[in-house]
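Given below, in the form of structure tokens, are the structures.
In the two complexes below, chain A is the common chain; its partner is chain B in one and chain C in the other.
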Partner chain A sequence: MHDIYNFVVGPLAWFGWGVFILGAIYKLVYAYNKFITKDATSAHYMSWKFGLRSIGAWLIPFFTTGWKNNPLVTAVTFVFHICLILVPIFLSAHAILWQQFFGIEFFWTLPDNVADIMTLLVIAACVFFAVRRLAYPRVKFITEAKDWWVLLLVVSPFITGYLAYHQIFNYQFMIVLHVITGLAWLALIPFSRLSHMLFALFTRAYIGSEFGGVRKVKDW
Partner chain B sequence: MKESKFDRKIDDIGLKEGIAKLTPEKIQQTFQKFMDSEAGAKLRVYHETCVRCGMCSEACHFFVSHDGDPSYSPVGKVTQTMNVLINKKGRVDAEFVYKCAQIAYTECNLCRRCMHYCPLGIDTGYIMSMVRRFCHLLGVTPQYIQDTAHSHSATFNQMWVKDDEWPDALLWQEEEARDEFPNLRIPLDVVGADIMYSVIGPEPKFRTQLIYQAAAILHEAGVNWTMPSLPGWDNSDMAMYTGDFEMMGRLKRAHFECAQNLKVKKVVMGECGHAFRSVYDMGNRWCGWDNYPVEVVHSIEFFAYLLRTGMIKMKTKFPGPVTIHDPCNIIRGRGLMDELRFVAHEIAEEVIEMTPNREYNYCCCAGGGVINCGPPFKNVRVKGNKAKAIQLRGVKEKGVSTVISPCHNCHGGLEDIIHGYELGMDLKFLGDIIYEHMEKTKAVE
Partner chain C sequence: MNKLYTCIACAAIATLLCFLPAISQEDVMTIGGPDAFYGFTDPQRPVVMFTHTQHMDLEMIDGSCLPCHHDGRDEEGNFTEGDMVPCKDCHDEAAKGEMSLLNAYHKQCIDCHEQAEAGPITCGECHVKTEFYGMPLGNDENQGESQE
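Entry: the complex of A and B
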């Protein structure tokens, strides 16, 4: 089991990170090239001022029309994304890995009990999203298989991580599963719906530029 | 998503004849070519990143009016059309293309209201216009709107107005107006005039009194203006909505060449929405222009200017309360909501607002070329905009019986809604009220 563990946090982890980083670069460069060549008449209107204004507006919960009209989704979405980003980075157990493999020293990590609650919040949010997909006709109608896969992909490392931390079932097995699902999550960011992690700021900035610069109205 | 059933197919000869000429190979090759040569990062990134949250649903008047039927939501419409095309790499049958065309041309007004709801900023209006572009490339377009596009190609105006009929219509209106304003002229082809006044094809065709009114206002204000007598006078652009972007570009060039040949300082355009979109947003881009080559001023801005400077003074104000319907292409498209309110308050005694309004306004359901798809789809528009009828009924109960809307398409759409839901309200252009209630110092008593 130790060999497997060493393999997944060693070569497999490098592979996962490699796919993520190279994939992300590839996707961003490809999109950028397409944007400035095929969408040149859109790229022309990109504006720092209106782009940042739009990103800023949509980062404030309940500020925009979309957020205001969907208060529950807004609350869950914000909590979900904050936890989703903070826990994997600032978890104390992960800080050791950051130090060990990348030489990055953290001055602060999440207290374990807080991280524990945040993990549960992520799982709860995923359950909420799943129920919404099943029960809400407007979401059910547009849900594809890949929407389910992506939800499973996102929630798996959190479930396995929680089980491993609390040593429920077999710890060794669970931690290996946790690393594998975590890496799959990372590696598939550029190649799934999760690519909105890479593109959201750009799509937001673009439409902000169009609305602010060309159409002279708010895009929220 | 499972292949959804499409149980609202409407018979249209343009669509029917269009798909009859298709083969699976042609559809697939055209789609491949479309993706390789025209579709850029926007379409691909939108397709990949839309997380299917459905938050855009309630933005759409079609969705709201159909009591939350998810097949009418913005993302629902994308899911049924472009999403399938991209996933299947264009390997679809002709019947599917029919469905795409019907959804894209008649169930989306490209009003972009959904943009206020999407956290990722996905431009559904753009995606639907790309579906239209693909249908156009396949020759599958509703007959009525295609007829206007053909008219654009053949005559450079939308309504098959012949070269001699156009100046004839202007001279006729001049003659009529001279009964009221003895010295009024509709000056044709005056090189070096300050302003070129331009209208859409339907004005000479069946709303000719609008030209009379505009001439009266410009005459009373003492503006140095002119109108072109040659093709290029029409600022409208249905080719933009059929997806015939090549023709859209030719139309814009012809229009601006008209203005440049006349060496005018500005183009002032009548109360139209889509024509405005085509000059500041779509046509200019196709031609590779950052903006319009000659400044285009919408009637709203122009009336505001005339009223602010006192060039036009109101003798009386329109009695009784009015409400304002904000046209998408001028308001959500160009931010003229405050100017519109300035003018409305100057010319009417009382303005009672509908909500949501300004850039959050519900579309009239005629825009985006939907009304131009003609009688087969009239009920789609009327039933698809119960939301607007409810809004109108709300202000009607507060005593409003007049709706101001500075857009021809909105007038067409709202008229059908007002009749369809028996609301008994009147529609007015700003020009109608200004002409009726302004001081006419140059008119005979």
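Entry: the complex of A and C
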């Protein structure tokens, strides 16, 4: 089992991170080129002021009309994204891997009991999103198979991580499964619906610039 | 005269008692926990059971106190032998960076186990959880036995 563990945290981890980083660069460069050649008129209106204003407005919970219209979805979305980003980065066990492999010392890590609750919040939010896709006709109508795959992709490192941390079922098997699902999550960011992680700020800035610069209105 | 003998006997016993812990090094050391002789009074992860004698008997250690009990390095970068003291005497629990107690334990244990291709290398193999919110997990028997 240690051979498999060493493989997944060694070569496979390099592969997963490589696909994520190179894929992200490729996607961003591709989208940028497409934007300035095929959509030059919009590109002309891109503005730091309106872009950042829009990003700022949408980063504040319940500030925009969109956030106010669906308070429950808004609350779950914010909690989900905050936990989703903080836990994988600041988990103490992950910080130890950074130290072990690269000698990078973290100035701060999440206390394990807090990270444990945040993990459960991510899983609960994914259950909420799944129920929402099934229960709301207008959401169900636009749900495709890939939406389910991406939800499974996102939740699986958190479920396996939770089970591995608590050492429920076979620990050595679970920790390997956790690393594999985590790497799949990273590697597929540029090539799935998770690419909004790369593009969200730019699409927001684009909409903000168009509303602010062309229509002369706020986009929230 | 009797008083003198009594005094000498007492002094001898006291001296012996001082050295006794060093001689009768317990086989299973518990690292972390409220008494925390080896550091970490309030550990985040489950305490670690370390089999001291079992490790000394290993072929690659062969009764030597190195590489664990070290004190600096020689010109070739190898550890030089140090005092037989707990790691926490030099490696500070509250410190950050390479010299911290946390890193000292992790690095010493995991690097050696990787080199030997034996012994635990993942988090949960050393930090064994025995219960999940009061429910026993049956992990106790695996403790310190992941010698793959």
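Everything that follows uses one rule, which is that the second predicted complex is superposed on the first by the 218 of 220 C-alpha atoms of A that agree within 3 Å, B and C clash if a C-alpha of one lies under 4 Å from a C-alpha of the other, contacts with A are read in each partner's own complex, and residues count from 1 in each chain.
Note that in this section contacts are C-beta pairs under 8 Å (C-beta built on N, C-alpha and C of every residue); 3 or more make two chains touch, one makes a residue touch a chain.
Just so it is clear, the structure is predicted and the values come from calculations on it, not from any experiment.
Student: For A:93, decide between first (touching chain B), second (touching chain C), both and neither.
Tutor: second
Student: Counting touched residues of chain A, say whether chain B or chain C comes out ahead.
Tutor: B
Student: Quick one: is A:5 in contact with chain B, with chain C, with both, or with neither? Answer first, second, both or neither.
Tutor: second
Student: Please indicate which partner A:69 is in contact with in the superposed arrangement: first for chain B, second for chain C, both, or neither.
Tutor: In the superposition, A:69 touches chain B alone.
Student: For A:105, select first, second, both or neither according to whether it touches chain B, chain C, the two together, or no partner.
Tutor: second
Student: Using the superposition on chain A described above, determine whether A:49 touches chain B (first), chain C (second), both, or neither.
Tutor: Once the two structures are laid over each other on A, A:49 reaches no partner at all.
Student: Look at A:81 in the shared chain and tell me whether it touches chain B only, chain C only, both, or neither; answer first, second, both or neither.
Tutor: neither
Student: Tell me, which parts of chain A touch chain B in their complex?
Tutor: 31-35, 37-39, 41-42, 44, 54, 58, 64-67, 69-70, 73, 77, 136-144, 147, 193, 195-196, 199-200, 202-208, 210-211, 214-220
Student: Would you pull the chain B residues touching chain A in the complex into a rising list?
Tutor: Residues in contact with chain A: 1, 4, 38-42, 44-46, 48-59, 63, 68, 70-71, 73, 75-76, 79, 115-123, 280-281, 285-286, 288, 290, 331-335, 337, 359-360.
Student: Could you please specify the touching residues of chain A with respect to chain C in the complex?
Tutor: It is residues 1-2, 5-6, 92-93, 96, 99-100, 103, 105, 107, 111-113, 164-168, 171-172, 175 of chain A that touch chain C.
Student: Using the touch rule from the top, collect the residues of chain C that touch chain A in their complex.
Tutor: 44-45, 96-98, 102-103, 106-107, 110, 114, 117, 121-125, 128-129, 132, 137, 139, 142, 146, 148
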